[in-house]
Each structure stands twice: as C-alpha cells, then as structure tokens.
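The same chain A turns up in both complexes below, where it pairs with chain B and then with chain C.
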Partner chain A sequence: MIDKIRSADRRRVGILTSVGDRWRALPKWQKAIGVVALLVFLYHLPYLGKLPGGLMIPGLNNLRTDSIEGGNNWAGVLFVCAIYVLVAIGLNVVVGLAGLLDLGYIGFFAIGAYSVALFGSVNSPVVKWIQQEFNLPPTWAVTWGICLLLAIVLTMISGVLLGWPTLRLRGDYLAIVTLGFGEIIRIVARNATGVTNGPVGISAIPGPEGPPSADNKVFGLIDAKPWYWLAITFVLLMVVLVRRLEHSRVGRAWLAVREDEDAAAVMGVYPFKFKLWAFAMGAALGGLSGFLFGSRNAFIDPTQFNANLSILFVAMVVVGGSGNMIGVSLGAVLLAYLPERFRDFADYRWLVFGLAMVLVMILRPQGLIPSRRRARELKDRAAEAEEAPAHV
Partner chain B sequence: MHFDELIGHLGQHTVDGLSKGAIYALIALGYTLVYGVLRLINFAHSEVFMVGTFAVLILWTQLGVQNNPPVGQAILFLVLGLVVAAVASGGTALALERIAYRPLRRKNAPPLIFLITAIGLSLVFVELFGQVLPKLLGTVLPEAFGRPRQIVGMPTIIQQETLFTIGNTAITNIQLIVFVAAVAMMALLDWFINRTRYGRGVRAVAQNPETAALMGVNQERVIMLIFVLGGIMAGAAALLWSMRFGFTQNSIGFVLGLKAFTAAVLGGIGNLRGALLGGLFLGVVEVYGATLFASNWEDVIAFVVLIVVLMFRPTGLLGESLGRARA
Partner chain C sequence: MSDQTTSTSAPKIPAQPGPRSVLLEVDDVTLRFGGVVALDKINFQIYEGEILGLIGPNGAGKTTSFNVMTGVYKPTSGAVRFRGQKVTGRKPHQISQLGISRTFQNIRLFPEMTALENVMVGTDSRHKTSVPGALFRLPRRKPKPHELPQVTAASGIVRNWQQVRRTFAKTFGLSRHILEERAAEAKALELLRFVGIADRANDEARNLPYGYQRRLEIARALATEPKLICLDEPAAGFNPAEKEELLTLIRNIRDMGLTVLLIEHDMRLVMGVTDRIVVLEFGRKIAEGAPAEVSRDPRVIAAYLGEPADDAA
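Entry: the complex of A and B
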C-alpha cells in the first residue's frame, strides 16, 4: 500500500518538475500571457463560481467556504489565506533559505498588528498620551500609511534585537529561544495594560480610509473583497521582491550559510551578518502581514497571538516545501483554507490536520512542492542512509 | 518591585521554587535523553506527560478514591498511580517513536522534519483526549471524559499541611514528597545511565553510533530504551503533578513542555544532571521573578533568563554531554 503511494508520488513529482522545466523553456510572450492569466485569476477569486446574473457554477461554487452551512465569508477567508501567504513567504526566507528555525514568528506578526493599533487608533493609550503631550485634538492619530512604515521599521528592529544575541546559538537552541520570544511578546501585550490596554484589546484600528466607520466607501468592516485585493497586491509585490533577493548575492549567501556555515565563512561570507539580514527581512514580512491583519480586523487583543499560531506558520512552510516560494504559498493556502471549507468536520479538523502533517512528512519529507535543490539534498541523505546500514 | 517581600521570605520562595522546578526537571529528562542520543527535539514529549496525568485520573476515579484517604491507602494509591502513569507514558513515548520517528530515521531526514511530525503528533494527542476519547468513552468514564476540553479535578490524596518550619520558612508535606521523589527518580536514572550495562550502551550510541554498532550495541534497542525511560520520568512527573495540583486538561502539556524544554536547554541539553539543575534553577527563578514583579510576568522572566544564560553559556549551564559523561 505504502509502496504504491510512493511510486505514484514519484510519478507526480516527475510531472511537477517537468511542468517547471516546460515553463522555463517557454518563449517570453507566452510567459507573459501565463502571468496575466494568473493575475486575472487571483483578482477574480472572490467571485469564484459566480456569474453576473446571480447564477452559480455548481462545481466551482462548492469550493467557496460560504457554500456550506455556517461557512465563513469567502472573501474574508481569501484575505486570511493572503496574509498567511505573506507570513509563509517571510518565514520561508528565515527557515527555507537561511535554514534558521524560528518558532516565534507570531511575535513579529503581533508587533506588526500592534504597531498599527498603538499608533493608528484613537483608543490606544499611546495615541492618547501623544495627544496630551502635544495638545493635539482628540481625533488625532497617526495615518495608515505612516503606520505601515512604522510597522515594517519596528518589526525589522525587533528582528535585529532578537537576532543579535541569539543568532550565534546553534539551530536547536535558536528554536526554543525564538519560541520564548513569541511568548514574551504576547505576555507583554497582555500585561502592559498602560501601553497596550492589556486583555481588553484595542479597537477602532484604522484602514486605508481612516478609522472604521459607516462612511468608508471601500474598506468597510462587512465587505472583505477590497481587503483581499489589497492583501494580494502586497503578496505579489513581496513575491517579486523576495524573488529578486533570492537570486542576488544575498540569496546565494543565505543558501551557502544554510548548507555549511563554516564553508561559507571560509569563502568570505560572514554568516552572522547574513543570518541577521534574513531575520530582519523575515520579520518585516511577518510585521506587514500582522499590520494587514490588525487593520482589517479593526480590533486586536493578546489572545489572537498565541504560540500555536507560530507552530502553524512553521508547518505551512515545511508542509508546503521549504525553500520554494510556490510550495510555501500552497502550504499557507491549504492550512488556512481546508479547516474553513470542511467545517462539517469542525470537531475533528485539528485531529485530521495533525494526522495529515505526520503523513505528509513521512511520505514526502521535502514538502508538497519542494525546491529542487532541497529535494536533491534529501535524496542524497536517504541514499547515504541506505549505503551505511550501520545507521539503521 | 517587591524587594522586601523577596528578601524577607527568601527561604520560603526558594522552597516553593524548588518543588516547582522538580517537576520541570523530571519532564526535562525526557527531552534531554532523546536529544543526547538522537540530536532531535522530541516536541511531542509534553503530550507524553499529559497522557500520564489522564492515566492517573482514570485510575483514581475508577478505584473510587475519596478525598483524604487514610495513610496506608494513600501510599497504595500513589504507588499504583506511579506504575500506571509510567506504563501509560512510557507506552505513549514508545508509540511515538515507532509512528513518527522511525520511518524518518530510515530516510535520514533532517531534524526540522522530525520537529514537524512531532508537532503533528502532539496535535493528534491533544485532539484525541479533547475530542475523540470523550465521544467514545464519555459515558463509560464520565469523570475523565465527561466534559471535553475542560479542566477536570482529581481526588486529593494527601492534604497539604505544614510539616516543619525553619525560621519563617514553612515546608509542607507535599513539597517535601515532590522534591524527594523527583530527586530520587533522577538519581535512579543517573545510576542507570552511568553504572549499568544498558546505560553504557546508551552512552556509547550517544557518543558514536557507528562504533557502538561495531561493538555490538543494538542501536534500535537503545533508542527504544531512551524513549521508554523518558516516558517513565514523564509518568512520574504526571503523578507528582496530580498529587500536588489535582487537575488535568487535554491541553495541559504545551506550557509545561515548553518550560521543561527551557529547563533542559538551561542546564545543557543532553546532560542528565544539567536537566536537574536547569529545572530547579528555572523553578526558583520563576518564583523569585513572580514575587519581585507580579505573578503574570513569570513566563517572561523564565524566557529572559534563558536568553541571558545562553548568551554567556551557549551550551547551557553544565554543557551538553550525555556521551561525554565519564565513560
């Protein structure tokens, strides 16, 4: 049985890699058509399975989460998928490219969300303090665009602050320290009531049009479609950015550090510097994602940032195929979408989810859509294990 | 900042911290043993502990234990509880190794993959005890599974009372039992690893698997052994926890596992005596910190101390050395 699955799996991998090869071999104009088609598809997704006259396309319509009883708003789920993809891309830089195990990614996500909440909402103690200090009107708050910059800068700084003392540690130690960092951020958010309002949370977090109100034409609380389009736009921008980075000197340095730190150092790549760079980059992306989350939700409190979510984030990257941007995006979408769509099994969904994680890892340790380099590495390791039976 | 409170009752806080840290230390042993031999973080070990607490709960409720039984019965219940918890936890740890780790070890997969399967299995166990078992056994064992995902209480086996006081430090019977039992279990394990034939096998595999195999050590058996030993220690911790705190929940493992793992890293992961030191140190630091600031800051203090210690001693307080411990 298992062997059958494995051989079918091997065939499927063959198809996947040949798809990749064929794509790379296409002439430029055909690639352009493909990219445009993908963009149209992504921006059209909120209308999936719906025709203009209010008609439904039966097969496609069933993919929507609102096609089942008690299902969530489809565009809202898409928005969550999109911000998770952003998280996965960011975490992929840290885990997949630089090979650093970060179990505290939720910390950056939380800092991103809290930076828009603390500086953008009139209800936050920080804004109130600034109003008093500088005699500003009670409606004054930092605008959304500046909050965006603040979120990115603050998360990058916190990434460097966390990385500076800890990145000299070996991999396994780094895992626990980052896990601790995530918890520290959550507990500080809960306990520092004077700054963050503690467990009460912060409401009235602004969107691009300012604080949430009934007058907002585009970014309202009810219609999630504009939010999804905003998020997917950020995702596409970041995909391009990270892609460029991956194929630059920095990206090659990350791979070198991941493969063998000492060898990289001998070749003149200073591992610490590039690890820190990866950490800051990953942190910024997590912060951006958290920023979007906070601004869409319009309300955040510390319970939304618990450590389980960090672990879910790592699972997205590894199940999807660490090191490969398409793979990790798929992982993120699956882990965000499946529990929403299969609410009928709501009681059992985490159980199934856990089992699926174990099965995927045992059958396909390289992830669903692995990066080629990574898949080859794992193959080498497996071959090594077979050559040296003393290991078993 | 409550310096006066901390200094004034330093002894009391130390005793509280030590008895808290003893439980961390027992769980930390499981992480340390597995890490020492396989160089992998057994993330699902926290669930091994959780299963142990449920085993104790089911045993006690099925035996119809009442609160505050007579001394003779109490000892019987505790000994039975230890046996049942050790069997349940050890069995769970063994199953974990079989299902999640062995297939991956055959493939020589990198450590990250092990971590993810462990997380997956940990989720499975939490859901098993929060969802599946309550559905199946909710009517048969209503005390344990009647209210899924809720905190369930256990009968009080020993009434907490002050045994003696030194200065202004009161030591209760439960604190004393927890501390002494935990240290005794650890001493036993230390003796087993350092003095017996099987222990020598464990240390050999930790030092160099190939050479150990050439010398006739069965590596698979050693790996099974360390998982079972770690499980037994977690079972003992589960019993002490049940006796001291008297409740359990399907999601109880996460935070405790995190703390225990922190303790293992603090002491130097892979080092048995390090786990003891790390556990006790963490327990004491937490209690001090909670007194100094407020009790809702204790987790922050635990992790900050971890970061600070690792900055100055990157391999923990005692260094990592299951294999290098006196051969």
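Entry: the complex of A and C
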C-alpha cells in the first residue's frame, strides 16, 4: 500500500519539478509578471475572500481562520505564519544548506524578542538602569529602529559565540549541544530577574510607532493587518538576501560542506568559517523573527520560548523540504495555519497534526517540495559546449 | 588549458640531466597509528613538471602519504615541504591555497550539486567574495568594456532595459561578486570541456556515469589552480579504451605546466605515462627511478609477485 502511494508520489514530484523547470524556462518579462502577481496576492491576503461592501466569496472565505467559531483573527494568524516563514528560512540556511542540525533555534528567537524588550520597553530593568545612570526622563527608551539593529547584531554575536566552540562537533553531537543552548537561554531569561524581570515578563514592548497605546494609528494592538504587512515585507527582503547567498560562492561552500566536509576542505573551502557564517546568518534571521514577535505581542515572558517550539521549527524545515526555500516556507505556513484553521477539532487537532506529520515522514521523507539544485542557465554556452570538440 | 591543447598525445619530456627545481619534498616522514607504522621514514622529491608514479601493493601506504601531503593526516615525525614552505601543520584549505590538489580513490564528489557546481567549488577557492560581498554586492569596480552588459535587442522595451543596465554598470561599476561568479562559471565550463564531460554540466554529480565522475574529480581538482595535482587511482574500474583516454588527459595536464603525482595499480598505465616511479611496500620506500629501471628491480618484482621459492635464502 505504502509502496503504491510512494510511486504515485514520485510521479507527483516529477510534476512539481517540471513546474519548477517550466518556470525557469519562462522569458524574463513573464517571470516579472508572475512575481508581481505573487506580491499582490501576498499583500492582499488579509482581505482573502472579502469583497468591498461586506460581501464574501464562499470558497475562499472558508480558508480564513475567522470563518469558524472561536477562530483567531485572520490577519493575526497570517502574521504568525509570516514570522514562522522567517524562522524557517533562517533555519533552512543552517539545516538545509549547511547541513548542521540545530535544535536550539528558539534561543535566537528569544534573544531577538528580548533585545527589543530589554532595550525598547520602559518597564525593562535594563532601560531603567540606563535612565538612572544617565539622568534620562522615565519615558526614555531605545527607539524601535535601533532595537531592530540591536536584535540582529546581538543574535549574530550569539550565533558566533554558540558556533565557535561547538562547530567542531558533527551531526547528532551538535544537535544535542544546540538543544542545550535553547534551554540555557530560556532558563537564564527566567532566573536572571535583575535583567529580564524573570517569570514576570516584560510589557510595553514598542512597535514602529513607539510603545503600545491607544494613540497608535497603524501598528495598534487590535488590527493585525499592518503587522502582517510589515512582517511579509521583511520576509520578502530576506528571501532576496538569502537567495543572493544561496547562489554565490557562499551557498556553494555551504552545500559542499554539507555533502562532504573533508573533500570540501581539500578543495580550498574552510569549513569552519562557512559553518560559522551559516550559524550567524541563521541566528540573525531567527532573531529578526523573534524581534517582530516581541514587538507585536508587546509582552513577553520566558514561557513563550520553550524547547517545543525549536522542534516545531525543525519540523517546518523537514516537512517542507530541507534545502528548498519555497518548500520550507510552505512547511512553516502549513504548520502555523493548519492548527488554527482546525481549531474546532478542539484538543484532537494536535493528534491530527501529529498523525499528519508521521504520514508525511513515511510517504515523503524528502519533504513536501524537495530541494533540487537549480540548473545553471547556460543556454547559449551549453550549445557552444556541444559544438566545441572535446579535447580528450 | 587553452583551446590549443590538442588531443594528440604530447611527446614525453625527457628527463633532463642536471639539477631540477624540487616542487615537493617528503622528508623523513613517519606516521604511526598506535602500534601500526603506516609510513616509515619516507623520503622522496617531486620535481617541477614531471609525472611521478607512486606504486606499491595494497596497504603499502600510498594513499596515506597522499593524506599526509594534503593535510588530512599529520605525520608523527618528519616534514613535507612544498616549494620550500612547510606543509605539515597547515589546514587542508591552506594547503590547497599553496597549490596542492588531489582526487580521491573512492570518489568523493558533492553528489547533490551539479557537475558545474562541483567544479565551481574548486574555482571559488581562488576568489574572495564572502557573505557581505554576496549580500550587498560590494566592493564594486569599474568594468572593462567586454564585461559590460551587452545591448542586443533591436528595439523596444527590452532594448531600453538593457541600455539602463549598461549605463548603471558604467556609472556604479560591477560588483566583485558578479565578476567572480562569471569567471568561475566560465572556467568551470572550460575545465569540464577539457576533461571531456561538458555535455553533462548541469547534471547532478550522483547521476553521472562512473567514468564521468572520475573525470569530474580531476576537473574539480584542477579548478583550484594547483601546481601539483595528486591523482589517487584515477583509472580504477576503467576499460582499456578509457585508460588510453586518461593517459592522454594526464599528459595534457602536465603540458599545462602542472606536476602530476599518480597512484596507480595498473602497471602498464604507470609505465606508459610516468617519468619516474617511487615504490612503497609496508610503509617503506623500496625503490625509486625511471620506469624501466624500477620494473627490473628485484625488490619491486618480489613485492609484486612474491619471492621466487628457488631463489629464497
């Protein structure tokens, strides 16, 4: 039975990859139209199924999470999907491209969230201490934009600090150490009450318009649409940047190290350097995601960063298709969206969720959209190569 | 590796009399794994521009000495020097930078990457772009005329777009990343053509036939711009016709100005292509010299065929 499903599945993979090939073969202007259409779709998503004048499109409307009883705010769910996509893209750099199993990714997410909380909120002990030291007014805190930079820099530094001693380890050993790292961050956040307020948490975390208040016109607590648009903008920007890395010397070095570290070293790739870069880049993306999470939530405490989320993050990458950015994004969206959409299954939804994961792993161990290295565009040059006689 | 490289077998450079410059020197190298002596005071030199064969029965220490030369193993004592610089103690990627490259006895390509990408990993080792350069396309420099984007369309919006790109490149320069990518791709393709597998450039390495994989390894090793290339049993599993092609390829590599170190079991291949041969047995060097001399050496014959029963004692 399973074999039958698998062989049917293989045909479907064939179709999927041929879709990819056909897309790559399209002329540039058609691709441009496709990209613009996708952008319009993404930015329009909060209004999915809604027409002006309060009308609903039945089929599309049912996709929304607020179409069911007790469902969450649709734009809010979209925001969570977007920050999870960011996490998945970052973790994909580490796990999918460089082949380093990182089970403590929540640590970077937490550091990102805490860096906006600790420096941006007037309630944080750190900001209070700075106010006291430098005689600043009690309303003073670091602006959101600078917190963003701080979050990225701090997570990159923490990625390097974690990677420096541990990247000598390979495979499972690295996974265990990183799992420990995630837990250490959470426990430190809980116990270092003098710095992080401990289990009490930190409130009044600012958004782009400053600390949460009723005066905020765009980035308020109620309407999640602007938050989603902000997050999706970050996602698109990061997709462009990570793609640049993927299709450069760095991306090739990551793949080479993943495939055969010793052979890569003999070919002149310094594995340690590129693994450290992968950690730093992955950490920065996780931190950015955590930063958006903290900023939107306006309140964080250590319980929001437990190890289960780390496992969920790895699951997104593995289910979606490790190494393929579109695949892992799909994985992230599904794992964030499905539990919300099927909220009316109440407690059974986690059972269904687990079953679905097991099924995916049995039927498609390579993930929903497996990675396939893009054939380089060598149209004219390939033709040239065929014409030229081989020299051997 | 220009297009002038012909497929006719190049004439063998006769061993020149007098001193030649030493490229690599293996100086009293000993390597022990616990109680096992894998290499026992090995001494030999590789001269610039020659093809040196390293032969010996299984377990003689051929691949081990390769691993010492490329930094995979660190010798217990002794040193390897490359153009006067110490190789021992350096990391594998630094040794590759020095100009030593190798292939592997059991093929070790990057299976999920295309053939072209495999070679590009090698060319990358001479490039500088790292994460910031790839992310932000910096630093930029003024492009030479032939590097500028070409305006090919006759008219219309495509032409306008191409003109915009050309002007942009003229004003703001091209990033080192782009130039290096182009150079890497062009060179990788040229190398694939040189070893004769350019027709499968876009196939993943794991999908290539065996002979292609072997030659891809050579192309990848050449891509790091080595002075010395070490081939570890490149003809293993080849049929006679393929071996003949390989011989030509090895000679062509030498004619490019490279020095070749060749480990090979096939005695006919070794005798046909090498200038000198070093013979190892049980981690010791038992003979060294021109192919004809070595093949007459009684110790070598004994090592390969065993001692004749009558002559024993």
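The rule is short, and it goes like this: the second predicted complex is superposed on the first by the 370 of 392 C-alpha atoms of A that agree within 3 Å, B and C clash if a C-alpha of one lies under 4 Å from a C-alpha of the other, contacts with A are read in each partner's own complex, and residues count from 1 in each chain.
The working rule: a residue touches a chain if its C-beta (ideal position, glycine included) is under 8 Å from a C-beta of that chain, and two chains touch if they have at least 3 such contacts.
All values derive from a computational prediction rather than experimental measurement.
Student: Tell me which partner A:Asp262 touches in the superposition: chain B (first), chain C (second), both or neither.
Tutor: Second partner only.
Student: If you stack the two complexes on chain A, which partner ends up touching A:Ile187: first (chain B), second (chain C), both, or neither?
Tutor: In the superposed model, A:Ile187 contacts chain B only, not chain C.
Student: Where does A:Tyr270 make contact in the superposed view: on chain B (first), on chain C (second), on both, or on neither?
Tutor: second
Student: Check the residue A:Met361 against both partner chains and state whether it touches chain B (first), chain C (second), both, or neither.
Tutor: First partner only.
Student: Counting touched residues of chain A, say whether chain B or chain C comes out ahead.
Tutor: Counting residues of chain A touched by each partner, the higher count goes to B.
Student: After superposition on the shared chain, which partner residues are touched by A:Ala253: those of chain B (first), chain C (second), both, or neither?
Tutor: second
Student: If you lay the two complexes on top of each other, which residues of chain A touch chain B in one and chain C in the other?
Tutor: On chain A, the overlap between the chain B and chain C contacts is residues 378, 381-382, 385, 388, 390-392.
Student: Which residues of chain A touch chain B once you look at their complex with the stated criterion?
Tutor: Against chain B, the touching part of chain A is residues 95, 101, 165-166, 168-173, 175-177, 179-181, 183-184, 187-188, 190-191, 307-308, 311, 314-315, 318-319, 322, 347-348, 350-351, 353-358, 361-362, 365, 378, 381-382, 384-385, 388, 390-392.
Student: Tell me, which parts of chain C touch chain A in their complex?
Tutor: Contact set of chain C toward chain A: 3, 5-7, 70-72, 91-93, 95-97, 101-102, 104, 108-114, 116-117, 120-122, 124-127, 129-131, 133-135, 137, 158, 177, 180-181, 184-185, 189, 192-196, 198-199, 201-202, 204, 215, 220-221, 223-224, 245, 248-249, 252.
Student: In their shared complex, at which residues does chain A touch chain C?
Tutor: 29, 241, 244-245, 248-253, 255-256, 259-260, 262-271, 277, 280-281, 371, 373, 375-376, 378, 381-382, 385-386, 388-392
Student: Applying the document's contact rule, which stretches of chain B touch chain A when the two form their complex?
Tutor: 35, 39, 41, 99-100, 103-113, 115-117, 119-124, 126-128, 131-132, 209-210, 213-214, 219-220, 254, 258, 261-262, 265, 269, 294, 296-297, 299-300, 302-304, 306-307, 310-311, 314
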